[in-house]
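To start, I am sharing the structure in question, which I have written as structure tokens.
The chains carry the letters A, B, C and D, assigned in the order they are written, with residues numbered from 1 in each.
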Amino acid sequence: MKLEVLIFGAAALAARSGRLSVDVPHPATAADVLAALEAQHPSLAFALKPPATPRLAVNHAYVPPTQPVTPADELALITLLGGG
Amino acid sequence: MKLEVLIFGAAALAARSGRLSVDVPHPATAADVLAALEAQHPSLAFALKPPATPRLAVNHAYVPPTQPVTPADELALITLLGGG
Amino acid sequence: MFTPLVTSLIIDGPITDSRAHALAIPDHGTVGAAFTFRGIVRRAEPSPAHPATLRDLLALDYETYDPMASRELLALATETAAAHHLTAIHVLHSRGRIAVGETSFVLHVLAPHRAEALAATASFIDALKARVPIWKRPVWAT
Amino acid sequence: MFTPLVTSLIIDGPITDSRAHALAIPDHGTVGAAFTFRGIVRRAEPSPAHPATLRDLLALDYETYDPMASRELLALATETAAAHHLTAIHVLHSRGRIAVGETSFVLHVLAPHRAEALAATASFIDALKARVPIWKRPVWAT
């Protein structure tokens, strides 16, 4: 199924968009979404691979990798680079 | 020779005075003054023995134990208990 | 059980001096240490292309993911207050464009003793950057 | 070489809010972190006779050995600024009677980054208590 994921900061700059689509199996988990972002959007590699610590927020809360997700959920990639 | 030493805080409360006299050999060092305070004023033991870290100030500066002192110097026992 | 006073707020634009100072010390005599930390936008930031060199900024644009940013900020403040036995914690973060020299972040911590207040301040700021969904984008001078 | 701005002052009586807040952030864009620490007189202090129990205070009387206290305070501020590469450090300490809830000590630290400012704050306060000849005497409520 197709899911929309909100993205921010340097990731949004790299993708030239604040929102990306990913294709994931049905049913899908948060881990599936992160894996699909990395496979389907190579420009986001810097925000998804170590030392980055990407997390998926579902409906404005961090979720564990096993959390099921559906097209009805608001999904957001949260990659904070710390520093400053 | 006789020397005057200013004292403060809990030490002054214990001695019921802000100033004490000590007899020291001539010539004398800062270490001699601290030793004389301990020997001649037992009420100050708490401020002179470990874990207290007494220091002598001569003319408003900390001095090493070997520093010579004379009756012309302003001597002060500085015992800070930390905390707070 | 004592409940710490916790407030958090994301505001548009820089944090003014009056907001940064608006912290009343409660008069019940339990507070021995009050810490205020202000984060200020500096002129020079590492260049993305050449991280070893500094490049001049005009401002930082802070982007927040709302309302998650507000929720995480409040949750972090609440958890920090409990973990460090604080009397109160107040946090303000900016959203939008903050010029060089302006304040984008203020943390007030009240505690019985300074060690708790210092530890809370350090851990709060580290966790803020790891957890609260706020991003900054440099606005370069040249 | 950059010379940090250092001021220190011992004043009679409590430190008012306006003095505690009177810290201008220089506009040259080098300061990223501003810390303010206020030490406030708490109501309960360990009883000298029974250190495990708390006893109610009315105030603390701060006694200073002048001018050595001023000199050591300034020397400590200057050394701290150099050791931690601070942009500025300002310190105020009270002399005389300070009531419960009033401020007896304020430390302002400005630095490029927060880690330096936090470390400077912690080391300054520890050294203050070990080195600057200021004593406090409790004024008990009962």
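Definition applied: a contact is a pair of C-beta atoms (placed from the backbone, for glycine too) under 8 Å apart; a residue touches a chain by one contact, two chains touch by 3 or more.
In this text the structure is predicted, and so the values were computed from the model without any measurement.
Student: By the touch criterion stated at the start, how many steps lie between subunit A and subunit D on the shortest route?
Tutor: The fewest touching-chain steps linking subunit A to subunit D number 2.
Student: Farthest chain from subunit C, going by the mean of C-alpha atoms per chain?
Tutor: Result for max centroid distance from subunit C is chain B.
Student: Could you tell me the distance, in whole angstrom, between the mean C-alpha positions of subunit B and subunit C?
Tutor: That gives a centre separation of 47 Å.
Student: If you average the Cα atoms of subunit A and of subunit C to get two centres, how far apart are those centres in Å?
Tutor: Here the centre of subunit C sits 26 Å away from the centre of subunit A.
Student: Distance-wise, how many Å sit between the C-alpha centres of subunit A and subunit B, to the nearest whole number?
Tutor: Result: the chain centres lie 68 Å from each other.
Student: Touching at least two other chains at once: which residues of subunit B meet that condition?
Tutor: 84, in rising order.
Student: For subunit C, which residues are shared contacts with two or more other chains?
Tutor: Residues 32, 39 of subunit C each touch two or more of the other chains.
Student: Per the touch rule above, enumerate the chain pairs that touch, sorted by label.
Tutor: Going through each pair of chains, those in contact are A-C, B-D, C-D.
Student: In their shared complex, at which residues does subunit D touch subunit B?
Tutor: Counting only subunit D, the residues touching subunit B are 39, 63, 65, 67-68, 71, 129-133, 135-137.
Student: Where on subunit C does subunit D make contact in their complex?
Tutor: 17, 21, 25, 27-44, 57, 100-101, 103, 112, 114, 117-118, 121-122, 125
Student: Subunit D touches which residues of subunit B in the complex?
Tutor: 6, 8-10, 13, 53, 57, 60-61, 76, 78, 80, 82-84
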